[in-house]
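Across the two complexes that follow, chain A remains constant while its partner is chain B and subsequently chain C.
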Partner chain A sequence: MEPFFVYENSGSEPRNGVTDAALQPCVCVADRPCDAGSPALEGYRPPEDAEVVSRLRRAGIPIRGAVGMSEFGFGLRGGSAGRAAAAGAAQAELMLDLTGESRAAAAALGLWGFKAGYGSVSRRGLIGLVPSMEAPGILARNPAVIRKVLQALSGPDGKDYSQPADEEPDFVPRGIVPDTTVIGVVAESLAGLSPDELAAFRSAVEELRRRGFPIRELSLPGYELFPLVHRIAASVEASSSAGRYDSVRYGTRASAGENWNEMFLQTRGEVFGPLIKSLLLQGAYFQFRRFESYRDACRIRSRLLGELRALEDRADFLLLPSPGQAPAAEPDDLDGLYRRFASTLFANVAGLPALYLPGKGGTGGCQLAAPRLQGPRLLELGEYLDNSPKGD
Partner chain B sequence: MQHSRRVFCGSLTPEDAGRRVTLAGWVDAFRDHGGVLFVHLRDRSGIVQIVFNPESTPDGVFHRASLLRAEYCIAVQGRVDRRLPGTENPGIETGSIEVFVDELEILSESEALPFTVSEKAMTAFGAGAKTDHVAEDLRLQYRYLDLRRPSMRDNIMARHAIFQRLRRLLDGKGFLEIETPVLTISTPEGARDYLVPSRVHPGNFYALPQSPQLFKQLLMIGGMERYFQFARCFRDEDLRPNRQPEFTQLDIEASFIDEEFIYQLVEELAVEMFALGGITLPRPFPRMSWNEAMEKTGSDRPDLRFGLLFEDVTSIFADTGYSIFRRILQGGGRIKGINIAGQSEKLSKNVLQNEYAKEIAPSFGARGMTWMRMEGGKLESNIVQFMSPREREGLVRQFRAVDGDVLIMVADTSPAVLASALGQLRLHLANRLGLIPADLYRPLWVTDFPLFEPAEGGGVTSSHHPFTAPDRTDFDPADRDELLTLRSRSYDLVMNGEELGGGSIRISDRNLQRRIFTALGLTEEEIQAKFGFFLRAFDFGVPPHGGIALGMDRTVSMILNTPSIREVIAFPKNRSAYCPLTGAPSTVRREQLAELGLLGAGKKEVLPGPADGEDEVERLSWVSRIRVLPGERREIEETLRRAEALARQAEERAGDEEPVFSPAPAANRLRDGGEARTPDPAAAEKLLKLSPSVKGNYYKVPGILD
Partner chain C sequence: MFRPRIGLEIHIRLLTSSKVFCPCPVRYGDEPNSLVCPVCLGYPGSLPVLNGEALRMACLLAHALNCSIAPDLRFDRKHYFYPDMPKNYQITQVSAPLGRDGSLELETGGGKTVSIRQLHLEEDAGKMIHRGNRTLLDYNRAGSPLVEIVTAPELETGEEAELLLRSLRRIVRYLGVCDGNMEEGSMRCDANVSMSPRGVEHSPGAEAPSGDPPGRKVEIKNLNSSRFVRLALDYETSRQREILRRGGRVAGETRLWNEAAGVTEAMRDKGESSDYRNVPETDLPPFPLDPEYLEGVKRQLVELPSPRKRRLVRDYGLSGDAADFLTEEKDVADFFERAAALGADPRTAASWLRSEVRRILNRENLSLGESPLTEKRLVELLGLVREGGIGGGIARKTLEEVFRTGRDPAEIVRERGWEPITRRDALLPVVEKILAAHPKAARELREGKDRALDFLTGMALKETAGRADPGLVKALISDVLKEGRG
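Presenting the complex of A and B:
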């Protein structure tokens, strides 16, 4: 079959409307390789399924196999995110969204990409890196598939100790009435867009307006601070999370080392790539040299969450710019990476569900976001936009 | 019940028989003897037995009495009566009487006790409870209960009596009791200061006094002439078993006096204090120069309860053929020994050779130890054959050795090592051979200490403190060798090998004081910075003065013969300088630190950059256990530079919001009774296939980790 599968399953037939799904190998499937794209986990075969895998199985969605992923899913360099879905090898792809990877991968391949709201999907059995920022992402050729997969995955998991105490999500369709569905546009999100990007965004706004949605211009004064918060908080979390990888029970182990400490030092020096290494050492810097900066970042995060909550009364959904076209090469340095994901970070920092809508003819596209627990509603809007005739 | 009519339990005597009394106190112990309730009622004055008899005690009272438990606080009324012959209890002061109770008020109840308070048996031949086995930290945690125990009460009351006696004596001699500040400035004593941050002057600190040294001298300059104080002193020293971070000393200073005044005064005080413990000290106390103490006992606080004084036998071996001695003498060394008279039977050849010579003496720093025994008028040992007849005769003569004596000798080129090693051997032997008589107290004045000690890296440092007067004033402050020969006009009071206190005649001449500072290598700026205010006082007519300080905790402990000084302190710290009762020292709120300016600029403590001489990348690489490989370093340095900019930016942009660490708080899923997850062992086995495997009780470690 297609070369992008790390491993393939065969056999069971779909019972659900969704025929099958591919995974990234950061999702634990019992006894299947699960290295999260890193030599640090080479040879790791989880003893049991992740909660999302159990739920897919229960929903009758066969797991087609796992595709290549970037190191710990941070950025898109070195992975093949979305290609299985784009090539039709699987109807949906499940991946981790740390900085906007699912939406950016979708944008690069003309797919629909969805990042779940923080806490709405169990993360037990997902190998993560930046716990407060990441959430499962789903890619597919149309939002209806995404919605079905999300419905299968959503809901409380008593064994996920990081999950908030949210209500069971509501997937009952309420119908979309354009006249009364206010779409907010964050003025600050347009600063720094290239003329092409700006034009694409404007045409998306016009499209929605033509379909009868009221557009309201809103202000989010702290918008420019999303990257700052993400860069500090995510690196501190990553430095902590990656501390467990010692290559003792699994993983590539360096051949040198006279004692444990030397072995850890050398091994971890070899297994982490340049991008992750920069992230982890930067996290160590914040923790050991400037711990206040982490608290400062979390204070700013608190303010940003407040500003976003205030917008919930003024608009039902937010419309934000597209992650843009894929660059010639995915960045392998932190600065480049944060430039690449500048327009998607808000949803990770704020824990919002966000949906990438592909533009027509492979151009443009935009993101829609909703309050944290409104993922199903956001996908309903996606389906509405996908189905309703587009005015030309 | 009227407390005003209360009489004290311990004050009752057989003469009170028939009297009706009101008593109050705590239930020390109780027993039910054939329906009659006997209770030991304890107050500070002592214990008396009170009796509840169903035939004479009203029903209601008897019922309430049956509910009494240990350490209930109660008040009773009743009639004093002599006990029947044969039922007396000599274990308590009031053992020949008891009180028949007809009224009882339970003032307050007590919970079950963490340890037994009662120490006195209720019957003539019963055994009282022992508290020796109670962990000291538990006693300190419940010190208020511990203080109820008669033995602790006695200690505290004895301490009070000693302090009051001293006050009266000193008052009678014209001494004024004057308090000096506790919040003060660092003084030039040896130990570390406890510091107290000042809120009003951020970044500045008071120091708690290590002693009121400067203030008591200023009181003399202030014309107070005679001063004393029970001063609380604080030293942040390394922990030692019998030391407290704060302690009480009797601080004395007087003007227009000399050493003789201090000797007479302190001897009188000591005799009176020890008399309160039933100990007679003969006056005058002997005196010994520091030199002699070191020569004879190897210690500056000699224990004179036993002999075993050193003899210097260097000259006997001036031309010796015994190679070990010869080499040490050629190196300028000396040979000293002790005659352990009449102990030949207890010190076998095996003990002397295999224990003392091979193990104990080397552990005290000696290079070796030579031993001999007098038998049949001759010296016997494994080395006697190497000594000439003249040397052997010389030893017998100098040690006045007779049959049954054991001689030990140590030779060393360093006088300090020799004194220390032989001095410790002296104490070790005295303890081992039981040569220290119990109940013997041998006070001693040690005088004429060296004024200076050699400082590390050249120069000199004060042995005591820089205000101590030297024995002569015609010295050259630049001549280090001469400075080291100077003696001070100081004196220590030593009792049974323990230093109880010390002091000196102070310098009262400003020029002499300056020359001492010069000798210590202090520049004019340093002198001004450290002692400016003090030296200024010397410009205005200083009387000759001197004084002494006695460590009261140790002195009281010695008088009462308690196993530690904590037994004579109401609320001591434990051996770790921690108070189990209050939990001091404790952390404080961040706000308190901020208010005191201890967090830098209030909200944040930003210490950017690595410490001196530390490489940032190496440091972070190490704490992260991630090696930065060749070729990656520049990229990482660049990342850290950006990170610093980010940190600064975050600091600028952060407000006062409460930080949030994730978009929504995690639910508490640990409480409700979910089942514990037990992974399949077979799966775990697979997971661990690379890990160290178990063989028997050991881990087999992969080669990489060997």
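Presenting the complex of A and C:
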């Protein structure tokens, strides 16, 4: 177990059937090291628990410890996302999903990976960069565990305005009736897939069809714009949000510098790794040199969200391509990163809950998405697919 | 030939008990960094939570300034790296303000109305303290709620700007949303000044005319009293006018008011752009403002100083000056109207409040609400003057005693034996004594010099410590002189 954990908690007794969970150190645990994988926050120990940590404790899910993570959870380079769950060191892993990291990590390790819908889980105490797109991700070996963890975490805490105030999440199982559960396939999402990826996707479609789910082909002409929107809007948000990591009140401070201004420049030059630096620079570029492009990206984003909502009447869930197998090395440049997460960032831009289902018998698995607050329902579908006999 | 165009940006510090996005108390003078929490220190993972009291006050002020109120509450981030701003961005509403297109009537100066371009809620920064080559930071003020009000450039003189601030000060104090104290920074003002050729009108919102602008906009900062606002703007408009008169050009720049020298001075260029490229505050997603909530806030509006002043002149027959004085502070106007309702003669009551009462309050450094003078006591005192025949001197002394002892005027007068002397037999010896002591004045009076009568009456009043009835004294003096006894 040792290699997985940044720190280890002594265990308490599990209550709701989930034996334990591991966290990425971007989830604040009072007085525990919480550097979000960045030298910028080296030595930072939060004064308070994140809301999700309080909820895990309330639900009686012991927190096993913190695992290594990529810098600010952006991409998977340098982290060990999912490996504690894959090795059975903890039953569930809680991480941040900015671009599709939880689903991609799950795909790489043959786990189930879930990204919560925007607003369904409190972000209070989660150290991130892109408030409008990132959400907690949960990894486990089966969807039932994810569902129990999500149930423990869900619901408004009254202090995160991204959460609808009065909407308590509905975890009552409705049962899955394949005949009346329409799975939508967005034609445009298949453009750019390799022949192998396309074949994997087709086999996932066939599998669902065999199990009796009606498959409906849908069109979302703006689909190809999702990466662009993510690239511009997320980088601007990240560049803005990272402003607070200035070494004045916490984190690493460069020793050189004649005055505070030089201290800022030196510190920020030293503490961020290459990928985060490129992200922040790109964000600053769009904010201060191409502000119109940023505004366009925001406008396109709301238009895409509108088009997506219109699709909700036509399908209960969307089937999307798998994030694919892990590359030999996780990218440390923006172009590589956006290629890596091409099929997952869609759910981050749109704020949808998304679930990676590992493939069975050598298939590549697939990704399902649901309307914004339908995470519980999506996991119910996942459990159904996990448990029900194969339709062959 | 050139007409100044002056616009103001005014920051109002709201009188909420806690900060705008966290529960830390808003207080001044505490131990540095004792009123802080993860939110106002910008700790990783912390999220802002809007203070409902700050929202209510901002909405109330927006209503009072006739603004149209946005259907959704939206926040954005204004970025600048400065250690007093914990997140290196300020949460504000510049791009989508709470209120737009309002107006503010200047209370004097011909009733000019100035357009309010926008009104929005934002957070204050902390304080930087420089000690040698070290910089210390105090975040107690960081996250305190501010409302920023931006006027259209419709003011033309320093005096008008001062009037606007005075009118706004009255309004915020009436609403109880700010104490209006510019010296202590509760109201802060920046100004922008440009010149436009007379006769050329710009559409609202337009900058100097394109092509060949006679002058660029100059920002003036460091205006921390309404008097400085007037002085600085008068200086700046004449400076710009002089440049233009000589055929020069006004450079767009930021200038500071130098109080000691009485001039505005160009600030060293910090390379600061006025365009901060605000982006949405995605930690506080937009949420709709419930029309019912806004109606509820609107019902909390009180009668504002300008209309109240007009009503006091109309309903009580007061002079403009008297009404102006009474409406300066809401509690004074309220006191006046309650006293009038209890039967005080409005003009007399107004004049007492304006002179004697104000003098004592200033001396004792008290507000009317904190003082022992109630409206009932004032009415009683005025009654003693009007019907009980006590003189002005006794009345003033009685008022002092009310303040000193907190007792009722009638009781004080009775106990001190200050009732007027109205019986002839009691006053006659006094009059005889005065005439005997001042034979020259008595002779002059007999020779028909009426001025001597006033002198002698005054002496009799002095002799009785003001208790003598002056009419009776005069009658007695004439009688005694006629009888040839003086």
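To be clear about the criterion, the second predicted complex is superposed on the first by the 381 of 392 C-alpha atoms of A that agree within 3 Å, B and C clash if a C-alpha of one lies under 4 Å from a C-alpha of the other, contacts with A are read in each partner's own complex, and residues count from 1 in each chain.
In this section, a residue touches a chain if its C-beta (ideal position, glycine included) is under 8 Å from a C-beta of that chain, and two chains touch if they have at least 3 such contacts.
Everything numeric here is computed off the predicted structure, so don't read it as measured data.
With chain A as the common reference for superposition, the partners chain B and chain C occupy clashing space. In the superposition on chain A, A:374 contacts neither chain B nor chain C. Looking at the shared chain after the overlay, A:50 reaches chain C, while chain B stays out of its contact range. Contacts of A:28 after superposition: chain C is touched, whereas chain B is not reached.
In the superposed model, A:41 makes contact with chain C only, not with chain B. By the touch criterion stated above, A:240 is placed in contact with chain C alone, chain B being left untouched. With both complexes superposed, B is the one of chain B and chain C in contact with more chain A residues. Judged by the touch definition given at the top, the superposed model places A:123 against chain C, while chain B stays out of reach.
Of the two partner chains, both chain B and chain C are touched by A:159. The clash between chain C and chain B in the superposition falls on 152-160, which is one of the stretches 152-160, 170-178 or 476-484.
On chain A, the surface touched by chain B in one complex and the surface touched by chain C in the other have residues 44, 47-48, 131-132, 159-162, 243, 248-250, 259-261, 264, 288, 298 in common. Only residues 604-610, 616-617, 619-629, 632, 635-636, 639-640, 642-644, 646-647, 649-651, 653-670, 674, 677, 679-680, 683-684, 686-688, 690-692, 704-705 of chain B touch chain A when the two sit together in their complex. Listing the residues of chain A that touch chain B in their complex gives 30-31, 43-45, 47-48, 118-119, 131-132, 158-166, 225, 228-229, 231-233, 235, 239, 243, 248-250, 253, 255, 257, 259-261, 263-266, 268-270, 272, 274, 277-278, 280-282, 284-286, 288-290, 292-293, 295-303, 305-306, 333-335, 349-352, 372.
Interface residues of chain A facing chain C in the complex, by the touch rule stated above, are 26, 28, 34, 36, 41, 44, 46-48, 50, 123-128, 130-132, 159-162, 236-237, 240, 243-246, 248-250, 258-261, 264, 287-288, 291, 294, 298. Chain C meets chain A in the complex at residues 38, 41-47, 49-50, 77, 79, 81, 83, 86-89, 133, 135, 137, 277, 279-280, 282-285, 287.
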